[in-house]
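In what comes next, chain A is part of two complexes: it sits with chain B in the first one and with chain C in the second one.
For the complex of A and B:
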C-alpha cells in the first residue's frame, strides 16, 4: 500500500479536553484542504496517567499509539512517523488549534516550491499577540528565538518568508527529508529538537518557509513538567550549534 | 547543490561578500551552503546562510554539485572532488591558475577582475557584482561633519599623515568590529578615508557611501567603477588626497560636501541587496541556469 499524503503527529501527555479541541480543529482544516481521506492523524499517548481513552481518540478520527513508558518528544514523534509513513508529516502540539485554511496553505506552499522542505505556521496567543511567525538567531547566548513574539499580530507583516527555522508546534515536513535526516534527534529531552532538525535540513540544501496567511491559536507550553526539561535541551542545543548558525536576529 | 568554500569565518570583506552572494542565490532557489573549517559560522554580520564543516563538505560533494571557491589555494582540493567548479572572483591577486583553468567558471564581482579575465586570459565571465548590507544605508541618523573614520589595517601611515594634517577632524579607527558597530560608526561619520593603495577589494568605501559619508580614497583596483572622483567622492594619490580633503573640509565647502554625500548614497543604491538579487535572478534564467540543478 502506498503511503498516504499526510501523517499528523500529536504527542500528548494527558490533557484530553485540550486534545479533543485540537483534533476537532485539525479535522476541519483537513476537510477544508480536501485531504481528510488521504491523511492519518496519529495521537501519541506519551505515558499519560490515566491512559488516553482509545474510544474518544477514535471518535475524533485519530489513531492512537500508546507508550507505556514516557519518552522524549522526539522519540514520540519518530515512533509515530515510523508506524504511519507518509509523503508529508505534520508535527503538531496538542495545544494548537489550527485554522481551517492552515493545512491547505502549508501543503500548497510545499506544492508550489519544490526546494522548500519544511513549512511552519503563523500562530497567536489567545490575546491575539504573535506566538510564532518564524525563528531567528541572535548573537552569543541569545540563540534561537521567535521573531516578533508577543507583538500584536494584526500589525505585523503577513508575507510568507524564508527562515532558518520554524517551530515544531505546527511544522509540515516532506517525508523524504524526514527519512534523509532520520527524524528528530532523540538526545533532546524536550524542546529545540525542532530547531535542530531545521538547521540540519538547511545544511542539506532545503529551504524553510513560514506561512503567514492564517493564524492558528497556540496556548504554548501546556504540558506538565515542560519547564524543567527546557533547560537541559537548551544546553544541549547550544553546545552543538552555538557558533555554527549564522546570525539573523 | 552549491558548496561555497571559504577558509575562515573571521572578519574579512571577502567572507561577507561570499555569504551575501550565497544568501541571494539561495533566496532565488539555487540550493547551497557555505563550507568552512569546523562548520564555524560568521558571527560578525547578519545573514541566514547555512554553514557546514569543510571536511564533511569535501566528503559529500558529488560531480553533480557545484564547488565554489574564492580563495586561490582552494583550487587544487576542489578540483580533486570532481565537482563542477566555479570561482567567485573577488580580487585579481594570485588568480593566474584559476583564470587559466578552462573548467573553472568565472563569476566576477568587479569590472577590473572581469576585464583582466577577458582581456588577458580570453575567458568568458559572468559579472555577478556585489552588494552592500542593507544595514549600512543611512536612514537620517545624525551625522557629524567633522568626524572621520578609517580602517588602520592597511595604509595606517597615510591615515596618520591625514590625522596630523587635518586636525580639525576627529579620527576614528575601525578594526576588528562587527558589522553593526561599523554601521553605527559610518552612519555617524561625515568622512571616510580609504587608505589601502591598490586595494583588490573595495567594499568598505562602498559601505561608507551607503552610510552617507564623504569618501576620500587612494587609487584602488577593485571598485573603481563606483568611485567617481569629484562627483561622488575624492580619489587621488595619498599626498594630494590629504590636501584635497583639507580643502573640501573648509566651511565654505559645506554645500559641496553635502552634494557629494548625496551622490555617494545614490551610487550605493545600485549595490543594494535588492539590486544584486535582481541581477542574479536575471542571470539564473541565462548563464547561471545550471546553478539551480
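For the complex of A and C:
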C-alpha cells in the first residue's frame, strides 16, 4: 500500500478535552484542504493514566498509538511516524487549534517551493499576542527564541518568510527529509528537538519557511511536568549547536 | 549479551472480535503460538494471517491446565501470555526487553499491571489497578493450578516474582466489557448457569444480601471512576440479589425467603471496619487478594534487591 499524503502526529499526556478540541479543529482544516481522506491523524498517548479512551479518539477521526512508558517528545513522534509512514508529516501539539486554512496553506507552500523541506505556522496566544511566527537566534547563551513572542500580532507582516527554524508545535515536514534525517533526535528530554531537526535539515540543503497567512491558536506548554525538562534540553542543544547557527541579531 | 528469545502464547475460543488487536500487539515476539479450542469463527484464520503456529485442543472447562502444556512447548527463553481480549501497548517491545535486561537476572517471573476497560473507560478505583497478572516468565518457571480463578505459581518461590511498578512497566490492556449491557448480560448468564447448593436448610438469603451490600460498598469509587463505578457497583449488587433468588427458586421445597429480616442482618455481616480495611488495601473481595496486598506492603518495607 502506498503511503498517504500526510500523517499528523499529536502526542498527548492526558488533556483529553483539549485534545478533542485540537482534533476537531484539525479535522476542519484537513477537510478545507481537501486532504482528509489522504491523511492519517495519529494520537500518541504518551503514558496517560488512565489511558486515553480509544473509542473517543476514534470518534474524533484519529488513530491511537498507546505507549505505556513515558517517552520523550522525539521518541513519541518517531514511533508514530514509523507506524504510519507518509509523504509529509505534520507534528502538532495537543494545545494547538489550527485554522481551517492552515493545513492547505502549509501544504500549498511545500507544493510551490520544492526547495523548502519544512514549513511552520504562525500562531497566537488566546489574548491575540504572537506565540510563534518563526524562530530566530540570539548571540551568546540566548540561542533560539520565538520572534516577537507575546508582542501584538499586527507587528509581524503577513508574508511567508524564511527562517533557520520553526517550532514543532505545528511543523510540516517532507517525508523524504524525515527519513533522511532519521526523525527527531531522541537525546532531547523535551524541547528543542524541533529546532535541532531544522538545523540538521538546513545542513542537508533544505530551506525552512513559516506560513503567515492564518493565525492558529496555541495555548503553549500545557503538558504537566514539561517545564522541568526544558533546562536539560536547552543545555544539550547549546552544547551541540552554539556557534554553528547564524545570529539573527 | 544476545537478546533473550520470547514466545507469545494466546488462547482462543471464538475470539475473532478481539484477536486481531491481541496478535498485532505481539508482532514483535520471536515465536507466536495460538492455542485454539475448536473455534467456529475466524480465529484460526486471523492467527495464521499473523504468522502464529496454531495448536488445536479439545474444549476444556478450564484454560489453566492447557496453559501449562503449551507454555512448556515454547522455544523461547521467556514466555509472554495474553488472553485473546487483551493487547499490549505500542512500546511494549522496548519495555519488555528492558525489563528482562534490568531485572531478568534476579527474577524468574514478572507480574504485569493490567488496565481493565469497561466500554471506553479504564476502571482504576477500588483496587481495579494495578490488577497484577503473572504473564511474563522464564520458560518452566510458572505453573497454573487446574482450577477456576486460581493464581499461577512461580516454581522457584514467591521471592523470584517481581510486581512491576505501573510507572515503569508494560501494561496488559484488557477490554473486559464492550459496554455496561455486556457486563449485565454476562453476569446474568453466569448467575443462571452457575451451580447452587441443593440443601434448603443451608439457604440463607441474608448472605446474598450481605454480598450485595459488600459489592455496593467496595466497588463504588466515584471519585476515581465517576458514575460508571457506581453503575458497576449496582450491577454487582444486583447480581448478588439475582443469585440469591435463582438459588431460592431452584430449591425444593422452597424455604422462607425472609427478605425484610435479611437486610439488617446483611449489614451486620459486613461491618464498616472491614469495608474500610479492604478499601485501604485496595483489593476486592477474595481473601487471597487481601493476603497478597498485605504481603506486598510488607515486602515494600524490606530492602530492595536486584
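Brief remarks on what is shown
The rule is short, and it goes like this: the second predicted complex is superposed on the first by the 247 of 249 C-alpha atoms of A that agree within 3 Å, B and C clash if a C-alpha of one lies under 4 Å from a C-alpha of the other, contacts with A are read in each partner's own complex, and residues count from 1 in each chain.
Convention: a residue touches a chain if its C-beta (ideal position, glycine included) is under 8 Å from a C-beta of that chain, and two chains touch if they have at least 3 such contacts.
As the structure is a prediction and not an experimental result, all values here were calculated from the model.
On the superposed chain A, the positions of chain B and chain C stay apart, so the two partners fit side by side. More residues of chain A are touched by B (comparison of chain B with chain C).
Legend: residue contacts after superposition of the two complexes on their common chain; A:24 is shown touching neither chain B nor chain C. In the superposition on chain A, contact of A:164 is made with chain B only, not with chain C.
One geometric descriptor of the composite model is the angle centred on chain A: between the Cα centres of chain B and chain C it reads 150 degrees, in steps of 10.
Within the superposed three-chain model, A:176 lies out of touch with both chain B and chain C [touch as defined at top].
Of the two partner chains, chain B is the only one that A:248 touches; chain C does not reach it. Once the two complexes are overlaid on the shared chain, A:139 sits against chain B while remaining clear of chain C.
Applying the stated contact rule after C-alpha superposition, one finds that A:115 touches chain B and leaves chain C untouched. With chain A used as the common frame, the shortest Cα distance separating chain B from chain C works out to 33 Å. By the touch rule above, chain A contacts chain C in their complex via residues 49-51, 53-56, 65-69, 71, 79, 83. Taken together, the chain B residues at the contact with chain A in this complex read 1, 19, 26-27, 29, 31-33, 39-43, 45-52. By the touch criterion given at the top, residues 113, 115, 136-137, 139-140, 162-164, 199, 202-203, 205-207, 243-248 of chain A touch chain B in their complex.
Contact residues of chain C toward chain A in the complex are 88-92, 94-95, 115, 119-122, 124, 129, 166, 168-171, 173.
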